[in-house]
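Labels run A, B, C and D following the written order; every chain starts at residue 1.
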Amino acid sequence: MAKKDLTTSISMIKPGKILIRGYDLIDLMGHTSFGDMIYLLFAGELPQKNEGKMIEAILVCSAEHGMATPSTNIVRSAVSGGVPLQAAVASAIIGLGDFHGGAVEGCAEMLQKHISLAREKGFESAALEVVTSYREAKKRIMGYGHGIHQPEDPRKVRLFRLAEQYSLPSAHMKLAGAIETTLKNVLGNPLPLNVDGAVGAIISDLGLDWRFGKAFFYLGRGAGLTTHAYEYMVNERPMRRVYTWDEVNYIGPEERKYQQP
Amino acid sequence: MAKKDLTTSISMIKPGKILIRGYDLIDLMGHTSFGDMIYLLFAGELPQKNEGKMIEAILVCSAEHGMATPSTNIVRSAVSGGVPLQAAVASAIIGLGDFHGGAVEGCAEMLQKHISLAREKGFESAALEVVTSYREAKKRIMGYGHGIHQPEDPRKVRLFRLAEQYSLPSAHMKLAGAIETTLKNVLGNPLPLNVDGAVGAIISDLGLDWRFGKAFFYLGRGAGLTTHAYEYMVNERPMRRVYTWDEVNYIGPEERKYQQP
Amino acid sequence: MAKKDLTTSISMIKPGKILIRGYDLIDLMGHTSFGDMIYLLFAGELPQKNEGKMIEAILVCSAEHGMATPSTNIVRSAVSGGVPLQAAVASAIIGLGDFHGGAVEGCAEMLQKHISLAREKGFESAALEVVTSYREAKKRIMGYGHGIHQPEDPRKVRLFRLAEQYSLPSAHMKLAGAIETTLKNVLGNPLPLNVDGAVGAIISDLGLDWRFGKAFFYLGRGAGLTTHAYEYMVNERPMRRVYTWDEVNYIGPEERKYQQP
Amino acid sequence: MAKKDLTTSISMIKPGKILIRGYDLIDLMGHTSFGDMIYLLFAGELPQKNEGKMIEAILVCSAEHGMATPSTNIVRSAVSGGVPLQAAVASAIIGLGDFHGGAVEGCAEMLQKHISLAREKGFESAALEVVTSYREAKKRIMGYGHGIHQPEDPRKVRLFRLAEQYSLPSAHMKLAGAIETTLKNVLGNPLPLNVDGAVGAIISDLGLDWRFGKAFFYLGRGAGLTTHAYEYMVNERPMRRVYTWDEVNYIGPEERKYQQP
């Protein structure tokens, strides 16, 4: 049985030459941002407008969320056991599962599957159809509600404002908003779109497949997890007892104003 | 025995408020690049000059290096077994060990441990001392030589040029260069600084602890690994036989010229 | 809001005392096999009959399956990158996903969900109902067919014989067999129960929840993966090129007869 | 450059046939314990005496140690984020690093490197030489002392008694004991061999390379970690707040007496 050759269209490597989607890596370095590079890798083409800027804002947004998360707990526990940095961070990234950032993927999938319905029948009736069918199937609509940030997640608000400012397409964001309104009407209580849902809507408007959803969380959060690993290494003893996040004393800088350079 | 409270100075989270090193995350989004954010997290302060741009160039540089690496092989094998995206990418990040990108850390450590010697006795004699002591201890000097990119790794050349263009401090890069010269003299053959060594030198000149070294590799490479995971998911069958990289057919775009926008 | 205390019923640790499900660990050591211990942990009680022996046979069965698997490829690639043993093996265990041993869980779930139907309506008509409903829903029935071991997986045959010899309950095995017969009739071709399906049926007859399914694979395979990691460490260079399994030369002992002691 | 073929001596797989170190897997199933199988895989030959029984006792010993460990914390955190069982357990296995079970490897390495010295110069003077040289190099002797089990780890006592009962060789255990005595004399306080050190000594007396050390911990502990993952899945909500182990209520069976069947 002849074996089918494996193919790739991502990159080609030769001595002294690294082509990424056809572009020489050396030309990309210094000219494209990491956000542009992610877009090039995922979409296969360089951004035409502000896609890279939007991705950078998402990565900044995802980079850190304190001790109150399972993944921060994992990375600190792993470092306490004496493992190399990349392995500790990887062990925490594993934990970014369906309930911990997974709603980016879940919400993006839902939006991408119903966007043509919305274009056909209007956003309001598409939203009603989505909410009704999920409730009948007893399936959870992902990307709505947040345990800590109430009534509204400030990151969601900021992300949507930036998307507008960057003149990105907005159909998926619009559908996400229509579902938010419908949920409020149906439930009698607000269950606002959260940061995961917002990222899911935006990457859909960037034209990216929902299967990339979790990446926008772990590529950013990797930076925060690394910082926690480092802080533990430098400050704590091996095999330290585990503490809950409400026992944690924040000893960093007081709130200070960001000044644009 | 009273238990010592756990402390952190990375971030503080309250309902509706996320402070990163004292700055409101909402202000950072859209204003700081992901490179700036990494610098803020790792160094505790916002970049004063071009540190964030340099980090972005490093992330772009690290993002992808084709099928010829163990980690690409891991991520594709893991996806072939049917695991979620974040777990597949994490399994590959584990593999970015001491021999696979680990030289960033190893080279940065060596440079940071000998920079005061270089400032005291001059770079040439410090380089000679380093090379001699490593050879006597039969320890490998990390960050020199490359299996594929010979005689010189083009990424190293580009990174150093960008560091100059961004007016970054350069003492560690200078020491890395002096060691390169010494190695050539001692060995009789060139063993040029490679991309890992170059990144190790540059993050040292950015004032970052060598323990962060591997992060500059895995934070970038995570993007390429994600793309391979996605390409496999979309194109291949589960549990595919493993192929070697020289059996791989590149079917992406022909080489094309990057045009600055 | 008062926080609900976390509870566990697995073990209790005090200085000098380790209770597992109420038993002193020191009494278990040397008296119970690892198979018994797994049963005690998973089921909460010590085995009454041969449950532990059956689990030992499953672990032996799962321990190793050569180079022709994604997970072996992962563990060797990870070691080649220079990572600690436990991290390399963990990276391979991640890869034991839904398509690579996951059928133990999938098959056990299906059998446990339909066993009462079989007891009610008879095994043949239950089997027909299962096969029909899966085919209508275009869902794959997991645990049938094998890429290499045809026409029949010898491990499945041996496991079922041992289960009989150990006088274990057999209802789930019987249902698995009825589904095998139905599949053959419906498809016109045999699609025999494979080793994953056999393990799924047996652990169901041991009274264990299907959610434990994958554990019977990774707890055993961990031993084989460790051996591959070790063999690579001792024999190969770092960052070795990847080889396909049909390029592998087996240089171990010729086939030799097992003699019972 | 011709490529060197990859070789293995672990197993050979053909349709319908699985040879492990030359033995047909089907013959091993039901006849050899999992402990025997591990010995066959690691050492290349079947046990001649009670090696497999000793390994089973080690696996039972390692299987579970409650909530008070970083790895239990990791596995429960990972499950709380919504990841598959094998990935959650793998994320915890990563955390079994140099400070968390790693002393098995560290102690075995030390003993294997000095056993010929002990045979030459006597165990007491070898022990003194080891302790002195480690103290001069400010290196920690691994496998001595325990945070919870004082004055003595009951698992160590039991393991050594079983090793004697199984008539295993004992030179490495003897050297470990001589080092214990020397440490007490030199430090003025007892720092007794702990369970990791005991396992390290025993696997050395089994003739196994110290590089296998961590495996004897993670192959056993995998069972306990799986049980914690399952308990969490069944009892707790996603993304639960983290609790410290002293807030945990044990609600399992009261202490009960193990009765040999």
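Heads up, the rule we're going with is that a residue touches a chain if its C-beta (ideal position, glycine included) is under 8 Å from a C-beta of that chain, and two chains touch if they have at least 3 such contacts.
Note that the coordinates shown come from a computational prediction; the quantities given were computed from them, not determined experimentally.
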Inset, instruction - Could you compare the number of C-beta pairs in contact for A-D with that for A-C and name the larger? - result: A-D
Legend entry - Per Cα centroids, the chain farthest from subunit B: C
Inset, instruction - Take the average of all CA coordinates in subunit A, do the same for subunit C, and state the distance between these two points in whole angstrom. - result: 34
Inset, instruction - Could you grab the centroid distance between subunit A and subunit D? Build each centroid from C-alpha atoms only and quote it in angstrom. - result: 39
Inset, instruction - Identify all positions of subunit B at which a residue touches two or more other chains, and write them in rising order. - result: 68, 83-84, 87, 90-91, 94, 96-98, 101, 241, 243, 247
Inset, instruction - Chain touch graph shape: choose line, ring, star, complete or other and state it. - result: complete
Inset, instruction - Flag every residue of subunit A that touches subunit C in the complex, lowest number first. - result: 83-84, 87, 90-91, 94
Inset, instruction - Note which residues of subunit A are touching subunit B in the complex, please. - result: 3, 5-13, 15-35, 37-38, 41-42, 44, 46, 53, 56-57, 59-61, 63-68, 84-87, 89-91, 93-94, 96-98, 101, 105, 148-150, 152, 154-155, 158-159, 162, 165, 209, 211-212, 214-215, 217-220, 222-224, 226-228, 230-231, 233-236, 240-241, 243, 247-258, 260
Inset, instruction - Under the touch definition given earlier, write down the residues of subunit C that touch subunit B in their complex. - result: 68, 70-71, 73-74, 77-78, 80-83, 87-88, 90-92, 94-102, 147, 238-239, 241-245, 247
